[in-house]
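Next come two complexes built around chain A: one with chain B, the other with chain C.
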Partner chain A sequence: MKTDIQIAICGSAGEGTIAAGDILRNALAGAGYRVISFDAYPAEIRGFGKCVARLRVTTEQAYSLKEKSDVLVCLNDEHGIPHVGEVRDFGAVIYEAKSIVHLAEGSHVSGHIRPAQVPYPLAIRELSERATGAIRSRNMVVLGYIAGLFHLAKEPFEKIINTKFKGKGKAAEDNHKAFDAGYETGAATFKLDDVNFGPPGKGLQAVMLNGNAAVAKGCLDAGIDNFFGYPITPATTIMERLAVEMPKRGKRLLQTEDEIAAISTTIGAGYTGARSATATSGPGLALMSEMLGLGIMAEVPSVVFVSQRGGPSTGIPTKTEQSDLNIAIYGGHGDAPRIVLAPTNVEGCYRCAGKAFEMAERYQTPVIVLLDLYLSNRYETVVMPAKPPFEPNCDKPVPKGDLGAGYKRFGFTEDDVSPRALPGMAGGMHVVTGLEHNELGRVNEQPEMHEAMSRKRHDKLKAALQHPDFTHYKRFGDEGRVDVGILAWGSTVGECLEVMFLAHLEGIACAVMKVVMLSPFPTEAVAAFMDDCDAVLVPELNYQGQFAHLIQAETGRPVHRYNRVTGTPMRVEDIMAQVRRLAKTATRKAA
Partner chain B sequence: MKTAAPRHHVIVGSGVAGAQAARTLRAREPEARISMLTLASLPFYNRYDLPQVFRGRQDWHQFLVDPPEYYTENRIELRRCTQVANVDSQRKVITLGHNEEMHYDTLVVASGGRSYLPEELSEFRHLLDGFGSYEQAMVVRRKVPEGGTVMLLGGDMIGLDLARTLLDTGHKVVLVTDEHTFWPHQVTDDEKKELLTVLERMGVEIIAGDCEGGIDAIQEGAKGLPARRVIFGGGRDRYADVIMPFYGLHPSVEFMLGSGVDIERGLLVKKSLRTTNDAIWAAGDVCQIWSDEEKRYRFYYGWKNVRAMGELAARNITGEDEAFEPTQDESLHIHDGVTIHSPFWEYA
Partner chain C sequence: MTPQPIYLEEKLKEVQESGRLAYRSKSMPTWCPGCGYFSIVDGLPGALNDLGIAPKDAVVVSGIGCSSRFPFFVNTYGFHTLHGRVLPVATGIKTANDALTVIAVGGDGDGFAIGGGHVPHAARRNVDLTYLLFDNGIYGLTKGQTSPTSSVGFKTPTSPYENPDQPLNPLLMVLTYGATWVGQAYAGRPQQLETMIKQAIAHRGFSYLHILSPCVTFDKTDRTYVRLGDLVRDLPANHDKGDLGAALHLAMDTATPALGVFYETQRPTLADALDGLVEKAGGSVGQKRRTA
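Presenting the complex of A and B:
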């Protein structure tokens, strides 16, 4: 029996909602299921705002969360009520059966459950108190209840609880007791919903990672030497992970005083030949843009991970958006070409992170890896390669004969990439400056030189479009002519793939092209894809249609835009509505 | 011109009476807000059909009288798994078990009855199984093996209805009789004797509870034997896979205590089904209606009576002034000397 179940846990900040989701996804992944999950949480740390942990558990590959959940757990009435409608018919709604405060009419979850949904009132608070003497283990009670109700094995949960609360004495003991209390209650509850877990897939040796963790792993596997960063949501956990792992490997990580220092030190370290990176979000990238220009002008390798959030300014810092595409590609003064990669799933975060170091070295330029909050925080079960698929050194060495007084650090070459001497290399002394320069690196403002160097800085990146062992773009779905083609980037690709499967079920010829390398842009491939499409849809999480602009600028062809800026991931049903609309138009035209 | 706000009719209970009251209220007062509160997990379903679980009908959807969308389409706010804690008739406010308050303009109490369990058996409650809900029916179905034995204590007509199906489906039925046997029918000793003979002919094993000294204890069965053991006062014992009490119904009125409405065993109502509070009405197994003939308040059971009560309460709430007239035949029949038939087993 195939399993495809989405569980949502909703509560207030500080109630352990996200922790419950974390244990649940890890336990289910540990049991052998595939899991994809995403947490939504407020900017405030405790006591305010809504947290929602959603996870989709499958035995087959899934690409995004589903529109409707099969199970909703409400730890808090106020926050839970708006989500009851998200539960499908004959799905389960689990909620606190007893309130300790008087509730006004309509303010309890039970009043919002549709007749086709199945209610499971649970004395969450009471069970926690009875099991542990306190109410703070309510999240463990509901985890136990889920496990008991849906006949899930206890062991994976116990293992994760042990790991999570290792060395925390009574907290670990209490959480086990609360879990057991919930489990017994769940197992004794008569199940009326039609949510059934089949056996997990066999032989899936997967790990559970979110996008930021995958980036950190990609950095480590690519041999990162230095990381410099300044904390900012939603990128901070990249630095947090690396701060734990890098010292173990003799590598260095420094929290700088701000983002300008972070990019400056990253470029400085990159100049020495060390693999170096920083991570930030949109506001930090804005601060870094001037120094990125130096990296481009001085042709110094560096990697910048950018996890987008809702903007501009401080914006909606704990909500997702894809609105930093423009600044990533074009941000900064002058003609400042750079490589921009946008992974589309967690595994892609790992690969793009590692490949970014290769590309930065090979093309001697800053590389921006563009994530967003949804992807940074989205957990997926990922099958990791047996050994890291990254080249440890992609530098272009200086032929011995070229070193010496006449060494041309910025010499014009066939591929426009100049052999790079590192500091301390005998005969490799040269000038590095942010001013325009000649092949030796010396300041030169002659019109011909500026033109030649500008061309060199642009043209050397073209080779990145053929960078080996890297998926620059990929077409999915129907071959040949299609009614609707979807061009997608970043975290939205998963939803687009789910839409494509739905479209096929409805008899709509549909294909998706994901574009991972956004700069330089794979114009020919994208144009060829567009040639096959009666209509091209570009769904993205920004108001302007930044990717659509880019496509139109690069290909000169029209696209249909679909833009949302709600701070939440794209909804499959919303994109599907656009596909249906466009498919009808295409059919009418054909007729 | 100022228009009065639509009234809020709250119905406690989602059985035959409550469902009919909601249906009639919606038809007669389209603008009204109607809330239906029930302890049940499922929307209104046919409890009369529950023995069918032994004939293979086990999906709860098949027991629903109205599909889930009926409630949405008719704007009936159905609150399941919802207990009513108390009713403040002065403020016209109900407090629900989870501490939520709900205002009403009119209240229809149709909370029905739950299985009555004699006090002397209460300590064995955990070893007994009920048959009052879909969930309980399914639990019993899962516990009873093919050809297994079910022991019915008391033996009201709900239990005997189940007994018919159990016999038909190859199970053994043991009936431990007492004064509740054949409830709610009122039968003479001679009639009872004759009826028990017919039951024996049908295949029911009869144990006269009184003759055996009553039930002394109920225990879990020993390994390799059926799951339950009943020990009688006289020393005799009998094993069964499941033991089920069928001692009639006890009206569910606890939440009405303190509401100011007169209660004897059930809610006392006039023939209009209005209680002693003008805004509160009652219908179904929960209410005792004044009988001019018998000069007492009495219960009326059976699908037809109960449904008629639900309809009448709703009609009177919406402007009529009609009196309840029982329509249900209350006599127990013997067919050809080999089967019994109760009108309380019938439903429309």
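Presenting the complex of A and C:
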């Protein structure tokens, strides 16, 4: 039996909502299911902001969350009520049965449940108090209840609780007790919904990672030497994870005084031959733009991870958006070509992170890896490769021995990449500079030299479009001619794939092409895909249609835009409405 | 002091035999004749040569400005970076490869106007590098505008009536930021300058050498050789360079700048601290070096 169940847990900040979601997704992944999960929470650490943890549990690969949830847990009434509507018919709504605060008419969850939904009133507070003497473990009670009600094995939960509360004294014991109390109640409850977990897939050895954790893992597996960063939501957790792991490997990480220093130190380290990276969000990338230009001019490798959030300016720091495509590709002054990669799922974050180091070294340029808050914080079960799929050294070899007086750091070569002498190499002394220079690196402002060097800096990147063992773009769905083709990038690709499956069910010929390498742009492949489409739809989470602009500029062909800036991931149903509309037009044309 | 006569052939032979020419680049400095910076570009090769640091093991990093053209005029590895960013780039280089001798150079505008936010952090982290600050109190490369160390009342194209701003006191700032070696030299005393560059490089930790220098082209009135030469004085004979309070008092006297080592102390460098983290995490110390 296929399993495809979405659970939403809803509560106030500080009620353990996100923690409950975390234990649930890890336990279910531990049990062998595939999980995709994304939490929404307010900017405040404490207080009364609403938190929602959502996870979709499947046996087949899923690409995004679903429109409707199968199970909703309300840890409090106020925040739960707006979400009752998202539960499908015959789905389950679990809520506090014995509220101790006075609730006015209409402010209790029970009053909002539709007849077709199945209510499960649960004495959450009371069970927690009876089990542990405190109300703090309410989130564990509901986890136990879910496990009991849906006949899930207890063991994966117990394992995660042990790991999570290791060394926290009585907390582990209390949480086990609360979980057991909930479990017994759940197991004894007469189940009326039709939410059923089938057995998990066989032999799925997956780990649960979010995008930022996958980036950190990719950095480590690619042998990162140095990391320099400045905290900023939603990129900070990349640095936090590396701060734990890099010293264990003898590597150095430094929190700098600002983003300008972060990119400057990264480029300084890159100049010595070390694999170095930094991570930031849009505001930080704006500050880094000038130094990235130096990295391009001086041909020094560096890797910059950028997790986008709502902008411009400080914008909406805890909401997702895809509005930094322009600054990533074009940001900065002058003709400043660079490599920009945009992973589309958590596994892609791992691969792009590792490959970014290869490319930075191979093409001697900054590489920007563009995530967004949704992808940074989205959890997915990822099957890791047996050994890291990254090359440890991609530097173009320099001649052995003393390089001597004739060494040309920026010499013109067939592939426009010049062998790079690193500080410490005998005879390789040279100066790199942000000024236009000749092959030796000496300042030269002659018209011919500026043209030749500009061409070198641009043309050397063309080879990146054939960089080995990397998915630059990929087509999914129907072969040949289609009614509607969707061109997508970044975190939105998951929703687009779900839309494609829906379109197929409705008899619409549909294909999706995801583009991972945004710069240099795979123009030919994208144009070939567009040739196959009666209509091309470009859904993205920005107001301007930045990816649509890029496609139109590169291919000279029109596209249909669909832009949302709600701060939340794109809704599958919204994109689907666009596909239906375009499919009708396409059919009319054909007739 | 009676000037000693110099016989060109003898001097040339002496310089050629000293080995310091190996540190000079084939590119000749682009500075104006008479610029104070010539004594610095003469001093650094001598200092590196005396310390036995091979050209391949030294990296000279600079920002933007007249002084920041410096890397082109020495035969070491060099990184001519952006306006104000010399210290973070130098920090990145040193953090990635301990074996390199890193010398950061730049002017008063580069270091204390646009780059002022980086100085405290390089100092407090005690990054093991040497910062040579060429202070001429002017923006020379853009043809003579006011800098953060220009005197009040100084007239330039951007302050045609007069400079209304108080000058910064870089020495006082760097001392309070936690630099572990702080000194002042004068371009008009090249031998002392060379000795002090040598001491600054030999120091383990963040060393800051403030070098007073005239801009002969754009400043005909304030910091000329004649005026500076009259004002500068030797350190008081009883100055204790281990005494931060005494060093602060010296730095506060901007009317008659003292020349010499103001302050010197030892504490763990950034590299020591980062190695300490590696040990705490249970890793083994030893940066992977990808250099030859």
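Structural remarks
Rule of thumb we're sticking to: the second predicted complex is superposed on the first by the 588 of 591 C-alpha atoms of A that agree within 3 Å, B and C clash if a C-alpha of one lies under 4 Å from a C-alpha of the other, contacts with A are read in each partner's own complex, and residues count from 1 in each chain.
Following the convention adopted for this analysis, contacts are C-beta pairs under 8 Å (C-beta built on N, C-alpha and C of every residue); 3 or more make two chains touch, one makes a residue touch a chain.
What you see is a predicted model, and the numbers here were worked out from it, not measured in a lab.
After superposition onto chain A, the partners chain B and chain C occupy separate space and fit alongside each other.
Of the two partner chains, chain C is the only one that A:Met425 touches; chain B does not reach it. In the overlay built on the shared chain, the residue A:Phe228 is in contact with chain C alone; chain B does not reach it. Within the superposed three-chain model, A:Gly32 lies out of touch with both chain B and chain C [touch as defined at top].
Angle at chain A (Cα centre) between the Cα centres of chain B and chain C in the superposed arrangement: 140°, in steps of 10. Using the contact criterion defined above for the overlaid structures, shared-chain residue A:Pro119 touches chain B, although it does not reach chain C. Touch criterion met: A:Gly434 reaches chain C, while chain B stays clear of it.
When both complexes are overlaid on chain A, the residue A:Gly49 reaches neither chain B nor chain C. The wider contact with chain A, measured as residues touched, comes from C rather than the other of chain B and chain C. After superposing the two complexes on their shared chain, the closest approach between C-alpha atoms of chain B and chain C is 51 Å. On the chain C side of its complex with chain A, the touching residues are 27, 55-57, 59, 61, 71-72, 75-82, 85, 88-93, 95-97, 99-100, 117-118, 120-121, 270, 274, 277-278, 280-292.
Contacts from chain A toward chain C in the complex involve residues 223, 225-226, 228, 244, 247-254, 256-258, 260-261, 264-276, 290-291, 294, 298, 393, 395, 398, 422-435, 442-443.
Across the complex, chain A is touched by residues 41-43, 60, 68-72, 77-82, 96-103, 135, 138-139 of chain B. Taken in their complex, chain A has these residues touching chain B: 89, 96-108, 110-111, 113-116, 118-121, 190, 192.
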